[in-house]
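One chain, chain A, links the two complexes that follow: it is found with chain B in the first and with chain C in the second.
For the complex of A and B:
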């Protein structure tokens, strides 16, 4: 039980500190690093209370997709005109130490939580009474009790897609597009014509 | 489970027609006109579908998370009818500023789908998804005229501030769930005896989020900029529909899970109401843009609508619903007038453009006169009755301070309405406006003006409907 409490406070402390660091750090790339650390700590907390499905989804969706996307956007925008680029000036690069620090913390967290979850069952507290797993129990209610919410979420996503297209799609004139049907329907006669050429007169093409 | 579907036929019909219109718009070239007209037809069909749903008793469906009762059906019908009018008035405007795209009616439909879910919600999750569905469509609509810098700015501003308020609201929801161990409105009401502070804390956050949605002071900052920047037809939509939906959700929250906590929320709502009434009235005085003015006037009108909710009685709820119904008719009329101020295919929205309107366009000037008098609350127009019901309900509970402040701010508000009337009737005339308005705009202006004018002859027509709303 003490181990459980210890790790709970350990992860919560990292989560809170990195959440604060997201907002106070002046460098946007550092902010995204701390955001990733925050997500990972929270997903470890989820795994510790026995909600392994939520924890894994959190890892895949937030860390795997959202945060990495953020990182790409931030690096492309180059918001703060950061002077020290990644590997150019080895003397005063501020990114590498912080990146390493965050990476090491994440590594240990994953080792602790995955190891505990696999080999030491009493480290996580089970909240489900029956034997079925988290994924099973979510599947049981998602399409039955919460079907209306599931469908409505689909509508929300549809609206988000329409909105993104409305706000960004532009019809441009003078754009040459490939048309497969036109290409495939083209016959030999459309493209090639055989002309009798009289000697010493030549032929004029494109008249 | 299967019988539950019978009660949500209107919602299912709307979502199916929305998807059908989307497909039609994708595959048909130049299909904006037909999509627009078909969406009107689908909206008209959905009215009998809503009325067909039995509403005499409260029905809870989908594991008690969705509530069908008289209030929800009344508000849904109100939402559909006003959307029909909004679409009727705006087609010409959309064409002339070149945003007559297929996505416009589709986004409007999805937004009102979200509102219908909101007004029927009996569960925190259902409520939140409905809210997000409606506001996501509204963000896009606000910046629909994306080549206009004001429109994009208003969309972005609305999106950022609204996301912040959604965050606060979700925080409140999670607190309420944590302390009452249920997301269901009826369950929350049962469970909170032990932990009243925690629930109150969560409730305050939820109220903040909702107050943002109806732009009550002090959460009104976004309203003037968004109203001014969005295309006028979208502003009309903003001014009416989200407010009806959010006010109904206010009623649902305050009167089903939190009714026992009336001592806690009453003073909050009184503050919101008084601040909105006073601020809306005072800040509108210096405005030069009609749409900005409409924003401030809607802020103060929301104050009056909230005043009805402070009472904690059925009469208060009914007066609030009556107020918002009459408010939507008045706003429809006001914006129909604004949409008629067109000169050489350019729309004018500043108050000076109205100068001497009565000489060139006597009919338009007369409708504006009726609308502005009604907004100011001058008898015997409909706006007077709206305020009368609210103050009657407030005085019934002997909340004299609220009533006195409300009446005083009516007097202040009358100043700027009367100033516009003076500009219309007594200033020197400006250039003529175009008169080639389309039929829908003319029809909606005529109907709304007549409704405002003759309401006093037969006021029971609306009261009969509203008096069936009994929640307490």
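For the complex of A and C:
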């Protein structure tokens, strides 16, 4: 039991410290690295309470895909000059009150959720975890009782994805695209033609 | 006292796995170069030791004694962390690989998810190395490789779903045991082909080695690295390739199960069968490197998103429909 407690405090300490470092660190890329460390320690905490499926999915989705895209975007900004000035300058601090407001709202939401959990004990899972793995139990709940919510969230994500593609898609002119079918269907007569060129007049190619 | 005892025994087991693995990685580099040379009618490394077997050891010695140069304008902490990350991630994934029914370091419930998660973390070593070098070619290489690895992970994930539909468990031992009657390469052959190609892209092997395309980017993300740090990138890369081969043989080639369950084949221990299958896949990897020319970047993206992803998704629907119709779905 002592080893369990030791590892719990170890991972939660890293999680809290790296969460603070995400906001405090001067370099934006370092912030993303701390965010990744935070995700990893939280997924370790998930694994420690026996939710190994959630822990692994957390690693795959957040660390393996989402954070890579974060890093991708942040690195595209100017690397050398990108510095966090929120805690240095006194002039440009208009977003601190807004951030505080959002933080306070999230804090109260968490309190309400935990309170509801405490006073309504039947909100917690009814499935005993003794004989089946938690992958099976999540599947059993997700695809039977909550199938409509599950499908609905899938649809929301799909719409968001299509929206993002539509917003950023633009057709550019003067761009040569490769078409495999055209390329393979091309024959000698399409590409080569024999032309009589008159002397001193030349010929116009590729109009 | 119990903790100390289990700590020592676990350390012993880990060393028993890791030391042969690192030796195997060194040997596999030699095999790769030999196969490459034979395809091109050259001799390859054949001077150091019998058949040049000790070439990798000589190379490793050379790397150890070289100076490690850290560029002045680099981000030093991240620069040093990058090869360590690559190497560590390549080695820890071997913890769940079952070499035979009772020879596995940690037989966890979600083994295949663990493998998938660790291999999706592998991109960080490359991104960190490319960014921390603070130089143009490594940065371009890192950006390319981030996009490439994220794209091909998607299709590998869908292929894994195909196999899992037939198994009904995320445990790697269960996945192998489910193939005792028939290896999954026979019913899921198109998925095996796509898995193989995606594994090439995931490990940045030719023809998808755009992150380190030497004609365009010098050496991509590892341009600024030297000495042992470069060697660590290199070891991690080959350990990852071996891991992908192991994953392919567990998912499709029946892991440690012998092809014919009768007298002469029974004598060979299961672990040897597993290693033999890994080697077979690796020789395929090496042959592809020698035979196929490098892809253009837009072709690479098109192949991943517009061909592999839809095709493997359709195959998921077909597999699920087939299993449901003939009532073959695994019972929980």
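Convention: the second predicted complex is superposed on the first by the 120 of 207 C-alpha atoms of A that agree within 3 Å, B and C clash if a C-alpha of one lies under 4 Å from a C-alpha of the other, contacts with A are read in each partner's own complex, and residues count from 1 in each chain.
Going forward, a residue touches a chain if its C-beta (ideal position, glycine included) is under 8 Å from a C-beta of that chain, and two chains touch if they have at least 3 such contacts.
This one's a predicted model, so the numbers in the text were calculated from it and none came from an experiment.
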Superposition on chain A - do chain B and chain C clash or fit: fit
Contacts of A:145 with chain B and chain C, given as first, second, both or neither: first
More chain A residues in contact [chain B versus chain C]: C
Contacts of A:155 with chain B and chain C, given as first, second, both or neither: first
Partner chain(s) touched by A:135 [first = chain B, second = chain C, both, neither]: second
Touched partner set for A:3, first chain B, second chain C, both or neither: second
Touching partner for A:60 - first (chain B), second (chain C), both, neither: second
Partner chain(s) touched by A:69 [first = chain B, second = chain C, both, neither]: second
Minimum C-alpha separation between chain B and chain C after superposing on chain A, in Å: 17
Touching both chain B and chain C, residues of chain A: none
Complex contacts: residues of chain A adjacent to chain C: 3, 29, 33, 36, 52-53, 56-57, 59-60, 63-65, 68-69, 71-72, 75-76, 79-80, 132-133, 135-136, 178
Footprint of chain B on chain A - complex, ascending: 144-149, 151-153, 155-156, 158-160, 162-163, 165-167
For the chain C and chain A complex, residues of the former touching the latter: 3, 78, 108-110, 113-114, 116-117, 120-121, 123-124, 127-128, 131, 134, 139, 142-143, 146-147, 150, 153, 157, 170, 298-299, 332
Contacting residues of chain B [partner chain A, same complex]: 1, 8, 15, 19, 22, 62-63, 65-66, 101, 103, 106-107, 110, 113-114, 117, 125-126, 129-130, 132-133, 136-137, 139-140, 143-144, 146
